[in-house]
Amino acid sequence: MRCFIGIDLGSTTTKAVVIDEQQNILGRGITNSRSNYDTAAAIAKQEALVNGRFHLFREALSTTGALNGSLDRFLSQLERDFRLEQYLEQLADLEATCRRNLGTAKFGDATAGVGEALGEVFRRLAAGAPELFAPGAKRKSDFFRDIAGSQYLAVGEAVAKDAGVRYDFLLNVFDRSIIEVENRVYADSIRRHLLAALERAFVALPETAGRRSRVEAPIKGILDLDMEETYIVGTGYGRARLPFSKEHIRSEILCHGLGAHMMYPGTATVLDIGGQDTKAIQVDRAGIVESFQMNDRCAAGCGRYLGYIADEMNMGLHELGPMAMKSTKTIRINSTCTVFAGAELRDRLSLGDKREDIMAGLHRAIILRAMSILARSGGIRDEFTFTGGVAKNEAAVKALRELVRENYGELTLNIDPDSIYTGALGGATFAWRAVMEEGRTAEARA
Amino acid sequence: MKHTIGIDIGSGAVKTALFAFDANGKPRWLAKRCERIRRRDPMTLAQEGRDGVLADAGLGADDVAYVATTGEGENVKFATGHFYSMTTHARGGVFLEPGARAVVDIGALNGRAIYVDERGKVLSYKMTSQCASGSGQFLENIARYLGVAVEEIGPLSQTSQNPEKVSSICAVLAETDVINMVSRGIATPDILKGIHLSMASRIVKLLKVTGIKEGKALMTGGLALDTGLLAAIREEMANEKVGVEAVAHEDSIYAGAIGAALWGAFRHDRLSALERAAA
Amino acid sequence: MTATIPPAVAIVQRCEALFDDLDFKAVKAWKAAGTGRKAIGYMPVYVPRELVHAAGMLPVGILGGGDSLEVIQGDAYYQSYICRIPRSTIELGLTGRLDCLDGMLFPSICDVIRNLSGMWQILFKDKYVRYFDVPQNYQDEIGGRYYVHELEILRDDLGKLRGKPIGDAELNASIAVYNDNRAAVRDLYAYRARKPWQAPTSEVYLLLRAGMVLPPEEHTKLVREYLAAVDEFPRPKRDNARVVINGTFCEQPPLALIKSIEMSGCYVVDDDFMLVTRWLLDDVPADGNPLEELSKAFLHRSASTAAKYDATREEKGVFLLKQVKTRGAEGVVFAAPSFCDPALLERPMLQDVLAKHGVPYTAFKYAENTGQMAPIREQAGTFADSIKLWSAA
Amino acid sequence: MTTAAMPASVKKPQNVQKEDAMWLQKELINRNYTELATAHQMGRKVSATFVPGNLNELLMCFDFARSLPETNALQNGMRKKSGKMIMDAERDGQSEDVCTYVKADLGMMMGGEVGPTGEVLPRPDVLLLSYTGCFTFMKWFELIRHKYGCETVMLHVPYQGEGKIAPNMREYVVKQLKENVIPTLERISGVKFDIDRLRQYMRESQKAEEDLVAVLQSAKNRPSPIDGYFGAVYYIGPIFTAFRGTPEASQYYSVLRGEIEERVRQGKGPVTPEGEMGEEKYRLVVEGPPNWTSFRDFWKMFYEEGAVVVSSTYAKVGGLYDFGFRHDADRPLESLAEYCLGCYTNLNLPSRIDMICRYIDEYQADGLLINSIKSCNSFSAGQLLILREVEKRTGKPAAFIETDLVDPRYFSAANVKNRLESYFQMIKQKRTSGVGHDLPRTIPIAAAH
């Protein structure tokens, strides 16, 4: 089948969206943007395609009715098992890489001890893996770097203490190795992992095992289906570094505008807060950008700011919003310099302010900055669509709602749970248009 | 024998120094402690620091004539008095390195260059602005990203052949710049050196603005231990034809605490004299 | 039984309430107290408030939004590298807070304010707006003649606005009112320089701010009451360094910054806050040709600031040095708004003059909404430390 | 009739070829530097003054060699020397926040006054502070005076706050010219003022002005034969600096005009540093000075995409000739006063907006691009309102980028390129789709009171 793909190479995350000829969204994929942009793009695309296959599994299985009643349970089991398979492979790779790097590290006499500790750490990590992907398990993030990292830190500290090895050494080996591991694409293993996951799923859900053949056939059929990458459009902050020709690149502004329009056709104003930029875009009824504004060189008040705060508080990004929601008092924060965020936080804490109140103040400060950029782009018009990673943050959304009401009155505010994919969706739509409307064919990669 | 304690509460670490003074007022350094804050309460660490140095020297709290704080220590309850950090870094710097005519303190967030006379009097100073670009914190973040331990930064940076300059002014955007560099295949030492050079150019600029013309410039604060930065500063000084010699001291990180202890002794004497006069 | 509040505290509280009130309720109340009353806003570096007063209108000093105004739309009009005050002023205007003003005067301070006058013309088409130029040539026959002409235009405009031309007698009466106000403020400054622990600058500042929204007669009275009240009760005197603040003539530092400077060991004995209250250095004769007299006072007997040209090199810094000498200051704190070209370009020259005269100084930047005071305290504190610790040595 | 003596440097023009405009221009600029460098040896006094509203004709009457610090700064910027100069000035105590022209100039003086061409520039004998359209000028010359003790003469030019030149303003300027400026210049130069000499120069100016206007207005053609911003900064070089009023300048402009008219006849577009420009895809009006340190790269971002600037306000900083002003030898001092009063940055904001809207209309532009300069409050404060108003009045899209004049630290190529690309793609999309222009812009309720 023909697939149209948009890839949004952001400063913190890389997103991909796959759509079909009818402009239905087949799949979405996300990964952290890393030092190797090609890899980030490749992985995001691969994730989107895998996600697309799951979508197709669901379609196929629900038409055959093979799993009537337990379709959702089965598919989510399958997906978790698939993630587990992937995770285990990467974990094994990480261990091997750590060992290689241990060989070249200059830890002197400590080397042997660190080696043993490493063995122990990875034993424990592998043993703990299934739990991470158990039904209902909460993970700090879905990226290997983050999951493995936080597990490694926690387990490593304990192991180091028991073994009498310097924790710093363990950390150092990890920091060296993780870059290498996360820059590998495990493209060949997808099919293998899916099949292995299928076995696991049948084991986990014994009641489905009896229907094995009726389930297996459509899944294998879809695995064999060729998802042809008909046309790809790249966008985002790092688009210039994508190995695409100019024809395959669109400005992120246009993609965000169009993406928002595709999600909510009534969109007139778009606010996108990403990792290091904030964009305000005005679009017309066809999704065409009329004007836009971005923050200037200073990254104050962008998504990264929340990242620093989360680091400072030793929390996950997704925990910040809920904490701020508990606030009962407003605290005004004036500086949104991302780098000083930690200092400001400490300052406030030492003055005796409560964490949740400070958090609420910080979120409001970010949104205030966004409000200025919006005002600069021409104000907010109905309907207003909020996109980008920060739209996932409920406290930011709350602050935005309040400020919009205070300054512009009541209007429709659209937030899609998948809003982080807006740019990629815009890209995919451009890809679709290029082929379906302009009759273009993919050019050879530059 | 009179004893004083100086406590320097920074944004990264709490440093404590204990001094004894003989009858002529000659100081002797008895004990020191340095504890990274790592998200703990600095006030508790200050207390632990004080107790720690007292234990090291076998003294009790009553043996101390003056506890002086500096840095962010304005609210320490058991302190006798507080001095501002440039006052203390200047004095402590000259104590560690009597030839120093400038003290350059590069902390986690702010950097300061202080021009001093031979007695440790602040003649002028310059601080980095509200914007955190080029701070110690930034270097630390990048090192983590690159998988380099803090102690390795210096040695690695010094092996660089083709340092790659970091262009962004903003520390956040500079981080992305660095990630870009990795993706372009720039070697780690070259990246580190590039950061060092851009920090060095800022520092030398601060230094020049203070008006210093000659003598030694002592690095204080945690980054003084970063030999790569020191080397970069030396290069930059040579390029800029500044006739100042950049030096570091193994106890550089204690400069603030030392200065506080020394000033504490001075104030103690002044106050006692005033009390005697009043009696 | 509740303890009665000491009168000095009550006065300061009143001023603080006026200071915190971003809705200009005091102005609205004044207007409501009589029919047809009008208020004219101005940026308080220097405008001849006498003319506004003579027209029976209330001159209202507009000093941006301070640190408690959330600036949203203002940022839409200004890039990040332009100082804060125009954006918060625009915010005040766009949010309707300045609706109580019937006009706005923008004196010649700098390019930012100059352009702001044009923005005001576009954004508030129904209001009287004037860019009030002042001469940078101080010869009576040249700059003076131009200035008298500018004054005449303003006088005519205001006369039209109230529906009746402004007569010389009215003008002279207003000159007398402001002479009295200036005298009271001079006393206040002299008192603070004598006993800075009795009249801390955080209070003196608030008192001056009150003068931006109160009628001058009332303000004069308030200043005198304050002086009498504070002198009643001794306050603790601290071992602080005596300093002059320079550079704050336009965008104002947050009150917390002024307090931080005092907390870190400095007594402020002179400053350039709201210069309009002290721009004319002595009494303007109230019995001559009013415009000529105002012009002469402006040309020959006025304060110095970065917004004003010094005709010769020798004049640079003389005014500041005189402040240091007559107030018995031990040093100068240069506090300039970020991105303020006039203050920041003036500073190196002033510093050079001070250095030649052996006056110590320190310098930093702020914005009206600066939140982090730690670096400020550190710098002011180090400065005070060095004056205190070393003056003994 | 008295024939005014021409400045000593003037040689008989050689036979010039038609393609010589560019060469002539370079020659003129370089020669001025040599002239400056040798002025004191040749026994000539040196003046320094600013570009907007400059009094070149008047200064020539006293045989001054003429230095323009802004031009020095920009030339140093183009030659990538300004970065260090700015750093030097900052190390000497200047703030990071202030105008970088000032700092580049002060830095150059600190570095031994080595000018852009490598020749050592003399210390000026007089600073003519024509305080026009920029407040920073005043501080700039105060700083130089403070450091070097040069004599300074102030010419205060009032601002057109009400959007017009009032008689009072003109009188004030003329009076200053008569009673302060001219006597001071006479005293310093030792040359007696001769009004007929001034008249003669002004006549010469007028000729060049006519030709310049024709050149700039040639951009009304499609395709435009010139770039009214990147190209125009070369064209305005001589007339806005030390050459207005000289026959060389008149000759340059007539040669230039000839060349451009020939391009129009041939239907050619502008010449770029990389040769003839390709197809003209976008026509823009630009407000704000260019960035000098990355001038070529900056320009390239435009011509690569087929964008040509048809008109710019910057090409008018030294005089608004296209709206009719000419130096008038019959009213010499009054005309000089009007020249000073009328320069672009001395206009109030509403007048600036009118002017831009007229350009968009008359030059059939696709939109407005504002290059906002960090240094320059005079230009920049208020540009965002200009952007909105112009968008509102013309219905054409506008875009905003931020750079600096001569501070290389403030030119972020990736950032600028990103915005330009988005802007061009946006214009293109709008043009091809043409749907949905009917959405009303909401104004914040609070503002709509």
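Per-chain numbering from 1; labels A, B, C and D assigned in written order.
Everything below uses one rule, namely that a contact is a pair of C-beta atoms (placed from the backbone, for glycine too) under 8 Å apart; a residue touches a chain by one contact, two chains touch by 3 or more.
What you see is a predicted model, and the numbers here were worked out from it, not measured in a lab.
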Distance-maximising chain from chain B - centres being C-alpha averages: D
Chain A and chain C: spacing of chain centres that average the CA atoms, whole Å: 52
Gap in Å, rounded to a whole number, between the CA centres of chain B and chain A: 40
Intercentroid distance (Cα basis), chain D paired with chain C, Å: 36
Per-residue overlap in chain C, given as positions that touch at least 2 other chains: 73, 76-77, 79, 338, 365, 370, 372, 374
Contacts with two or more other chains, residues of chain D listed in rising order: 92-93, 384, 402, 412, 444, 446
Sites on chain A at which at least two other chains make contact: 296-298, 335, 340, 343, 375-376, 407
Contact graph of the chains (line, ring, star, complete, other): complete
Residue numbers on chain D that touch chain C, as the complex places them: 92-95, 97-99, 102, 131, 134-136, 138-140, 142-143, 145-146, 149, 154, 156, 158-159, 161-162, 168-169, 171-172, 175-176, 179-180, 348-350, 352-353, 372, 374, 377-378, 380-385, 389, 402, 444, 446-447, 449
Complex interface listing, chain C residues touching chain B: 264, 338, 362, 364-365, 370, 372, 374-375, 377-379, 381-382, 384-386, 389-390, 392-393
Footprint of chain C on chain B - complex, ascending: 72, 74, 83-87, 110, 119, 121-122, 124-125, 127, 129-130, 263, 266, 270
Parts of chain A lying in touch with chain C, wherever the complex brings them together: 296, 298, 332-335, 340, 343-344, 347, 368-369, 371-376, 403, 407
Chain D - residues contacting chain B, complex: 87, 90-93, 96, 409, 412
